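In what comes next, chain A is part of two complexes: it sits with chain B in the first one and with chain C in the second one.
Coming up: the complex of A and B.
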């Protein structure tokens, strides 16, 4: 499969009468986007705002982060199963608005939403302090339960991102990257001497608001399968997660999957990037066993020499991570796993909920329990009402002087387990 | 800023007294003197730090008279009141490494003075003391002196000035068993791909998280006489009395709660709720029996299947809670349950 990804660098976002992209500036009329959100009767109101890098702005509670894209050639459309039908995506040409993101916010679970600071120490921990953020704070109709609200906001985010992405249609990209994977036989013939490498992507599916969707399907229901990494660039995988902010994989990070990018960078040079394998992180033991068995089997059937395995969430999914690692290694396929740690505020506890000697090559996104103090910022997009309750906070988080004492767990993307960030620990 | 005052500890060999035949040299204090490797430190320190005294002790003497030698040296260091105590480097010399580790750890522990040493990773002193003082990793012989002094000097100045010490790999000290965050130069995915390429090609690579020895608990034998047993409920699912009176955190819980079940036959949404931040709370809040099955246990009690349900239950939030904290809560809860004559416990999660 071959996908051309055209990148349009967005240098500013401004509210305006006419929604358009001109000379790298995204002009947005909120009145164009509001009806897109409110077409779901579960959402009572939405407020749009813009947060720019360096501004004294805090966005919370953050739900998802999404990069606007539009498909201009080839089958299907962005976010298949949501804003497009379910044609197989991942080939042809797609345009992406780089340097910006759509950020959905609002009270959802009230526990596992995140914080994005655009300046100060918190900004160093989140990748989304570096993007221009078009924020949408959604308010539910009264009496709506959390899971219905979550679904409504999730889908509204995709609709808005798709609508903004449409503005890119017809615009000449600043840069175009081509990503191409070969069929099994073609790949072996083309790169007979290179090790065959796959990417095992574990999708968060613990349920009860911890879900991920593939082509619109709840990934709890899938048997592990293979997809082309280019499909993911077209939004084939989206987040529906309320796991701790630091190690949830927002839709943006699936779209810009760093392991996929870095494996493509080596494709045809030091390795042959064969495909992406997706598996889940269900809570029942039988599901864990079945999925890890299938994943290991797929690695073997594809004659892979090595895989990178990435995780989402922590605790319970640590067992899936270790099962995958152990079983894949037992098939003679070398693994590197990417995770993060919950070693306690003092860093002295065992970092993962499971361990095995087979996991001898681990990359860590850092200790999520590290405590930092976030400065008081001038403006809050969203609300601070839940800041003492979100995962990684405590009753003493909001201090009298307006600063926040938190574990970095509260910061969106801080310890990302797909290796999106540079934070680590030893 | 005032110069950082340093006291330096070395053995008889590096003091130029002699080798093995002089290893029984008793401890000596050389005030105002800079001896042996101290000269290299002095150069490295420039005008930021100065060695105010050198303590020399034979390796055999120290190890054979460990208590008295330690006491004598600690006495001197206390009087000298330096900002920093440096021992060695000891490279792969076993007794010297143990002496450096012992005295550096004692200076820190007993005098509260910053201390550090340097040695080879396989020196027996390394494993013994790496979590008690900063041990800079050096090469295995004195041929690595230049490298050792360079690393130790950099660390000494940073540490002496009170700057924040980074992760072990950043500041060249041996990992102390404490996880320390830092920003890498490359993102995680690039590090993972590089590590995989090394692993595929049988080239060396270093895991960023060595697997710990995992603590697996064998379940107790089954309870033989359930009909007379007192059964308690303990949960990490966060079920608390409505309003969460103890303010148990939604993640990384810093405490557990003890709540009464006296007269309670069924948990309902008016009286109990969950404090847990790791799952959709709707169903647990509607009926907390779904996480803490009080209703079912009351039925079993009535039917005579169990003797009785213990009148207190214990709850914490398992979400993101450190293993060390969980262990502490478990031990305390266990003590209270035993004191109350509980025979068996049903542990529920989420």
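Coming up: the complex of A and C.
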């Protein structure tokens, strides 16, 4: 599969009478976007706002972060199964608005996490303090149940991102990257001496607020399968995951997966990047056994020499991670696993809820229990009402002077397990 | 409505009887009142009147007596010191000649890790806000349902 990804650098977002992109500036008329959100009768109202890097703004509780894209050549459209039909995507040409994101916020449940600070120490922990953020805070109709509210906000985010992405159609990109994977036989013939490397992407799939979708299908219902990473760039995988802010994978990170980027950068040079394998993280132990068996089998059938395995979340997924690692290694395929740690506030506790000697090559996104104090900021997009109730916070979180003492697990993307975060031991 | 529910339950039990040991027999250990309400009429629910850690410790005791874990005790990204509720699916161990069955090593390992993981999170004050309590119950129930759907398939 071959995908050309045209990148249009967005340098500013402004509200205006006409929605358009001109000289790198995204002009948005909220009245153009509001009907797109309100077409779902479960949403009573939506407020749009803009947050820019360096501003004294806190966005919370963040639900999803999405990069606007539009498909201009090739089969299908962006977000198949949601805003487009379910044609197989990942080929042709796609345009992406770089340097910006659509951020959905809204209090679906009272303990929902997710903080993006655009300035101060908190901004150093989230990758989304560096993007221009078009924020949408959705208000549900009276009495709407949590499941319905989650689905409504999730889908509204995709519709808005797709609508904004459409503005890029016809615009010449600032840069174009080409991503191409070969068929199995072709790849072996083309790169006979290079190690065959795959990427196992574990998707959060436990239930309400913990779900991921593939071509519109709830991923807890899938058995592991192979997918071209270029399909994911076109929005084949989207997030329905609201909690565990630090190590959930928002849709944006699926679209811009750093493991995929790095494997493509080495493709044809030091390795042959064969494909992405997607698997799930169900709560039922027999499902875990089945999925890890299938994943290991796929690695063997594809004659892989090595895989990178990334997980999403903490606790329950640690068991899937270790099952995958053990079984893939037992098939003679080397693994590197990418995770994060809950090592306690002092960093002295066991980092993962599961472990095995086969997991001898581990990359960490950082300790989610690390404590920091976030400054009081001038403006909040969303609401702070339940900030004491979220994970990594306590009754003393909101101090009298307006500062917040929290564990970094409350910050969106802080310890991301695809390596999208910025923490480093360097 | 109640009659219909009783009928369904009887039908379900009939199926269970018909398939005998091939059909998974399990019980739900929970301290979530919403879960007990949802599954009380159709499943074997054993309610724990206590905190989340009490559910884990009760599960650990039962596992030591031969019960087998069917769902992950650390399910959900809602942290164990945050949510007051937890539900666990367990399969009753079969006694052999009146003796307790041997403990399932994998279940022992998983429940031990879960109790250890719980202990490293700082203790937070008890949740009293009714709306918040309901949200925690709803999420726990949703995660439990995804396990029950797999078990009942």
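Please note the rule applied: the second predicted complex is superposed on the first by the 422 of 426 C-alpha atoms of A that agree within 3 Å, B and C clash if a C-alpha of one lies under 4 Å from a C-alpha of the other, contacts with A are read in each partner's own complex, and residues count from 1 in each chain.
Just so we're on the same page, contacts are C-beta pairs under 8 Å (C-beta built on N, C-alpha and C of every residue); 3 or more make two chains touch, one makes a residue touch a chain.
As the structure is a computational prediction, the values presented were derived from the model and not from experiment.
Trainee: Have a look at chain B and chain C on chain A after the superposition and call it: clash or fit.
Mentor: Overlaying the two structures gives a clash between chain B and chain C.
Trainee: If you stack the two complexes on chain A, which partner ends up touching A:418: first (chain B), second (chain C), both, or neither?
Mentor: first
Trainee: Tell me which partner A:220 touches in the superposition: chain B (first), chain C (second), both or neither.
Mentor: second
Trainee: Of the two partner chains, chain B (first) and chain C (second), which one does A:244 touch, if any: first, second, both, or neither?
Mentor: both
Trainee: Which partner chains sit in contact with A:341 here, chain B, chain C, both or neither? Use first/second/both/neither.
Mentor: A:341: touches chain B, not chain C.
Trainee: Is A:287 touching the first partner chain B, the second partner chain C, both, or neither of them?
Mentor: Only chain C; A:287 stays clear of chain B.
Trainee: Touch test for A:270: chain B only (first), chain C only (second), both, or neither?
Mentor: A:270: touches chain B, not chain C.
Trainee: Contacts for A:208 in the overlay, against chain B (first) and chain C (second): which applies, first, second, both or neither?
Mentor: both
Trainee: Kindly classify A:200 by the partners it touches after superposition: chain B alone (first), chain C alone (second), both, or neither?
Mentor: neither
Trainee: Using the touch definition from the top, say if A:111 reaches chain B (first), chain C (second), both or neither.
Mentor: Touch partners of A:111: chain B and chain C.
Trainee: Of chain B and chain C, which one touches more of chain A's residues?
Mentor: Residues of chain A touched, chain B against chain C: more for B.
Trainee: Counting contacts the way the document defines them, which residues of chain A are shared by the two interfaces, the one with chain B and the one with chain C?
Mentor: 109, 111, 145-147, 206-210, 243-244, 314-315, 342-345, 349-350, 353-354, 369, 389-392, 394-395, 409
Trainee: Can you list the residues on chain A that touch chain B in the complex?
Mentor: 109, 111-112, 124, 145-147, 195, 197, 206-210, 242-244, 258-259, 261-263, 265-266, 270-271, 305-308, 310, 314-315, 334-336, 338-339, 341-357, 359-370, 389-395, 407-409, 416-426
Trainee: Tell me, which parts of chain A touch chain C in their complex?
Mentor: These residues of chain A touch chain C: 109-111, 145-147, 204, 206-210, 220, 241, 243-244, 248, 282-288, 313-316, 318-319, 342-345, 349-350, 353-354, 369, 386, 389-392, 394-395, 409.
Trainee: Spell out the part of chain B that touches chain A in their complex, as residue ranges.
Mentor: 167-170, 175, 177-193, 195-197, 199-201, 205, 207-212, 214-215, 247, 249-252, 254, 276-283, 318-325
Trainee: Please output the residues of chain C touching chain A within their complex, sorted ascending.
Mentor: Chain C residues touching chain A: 69-72, 74-83, 89, 110, 113-114, 116-117, 120-122, 124-125, 127, 129, 131-132, 135-136, 138-139, 142-147, 150-151.
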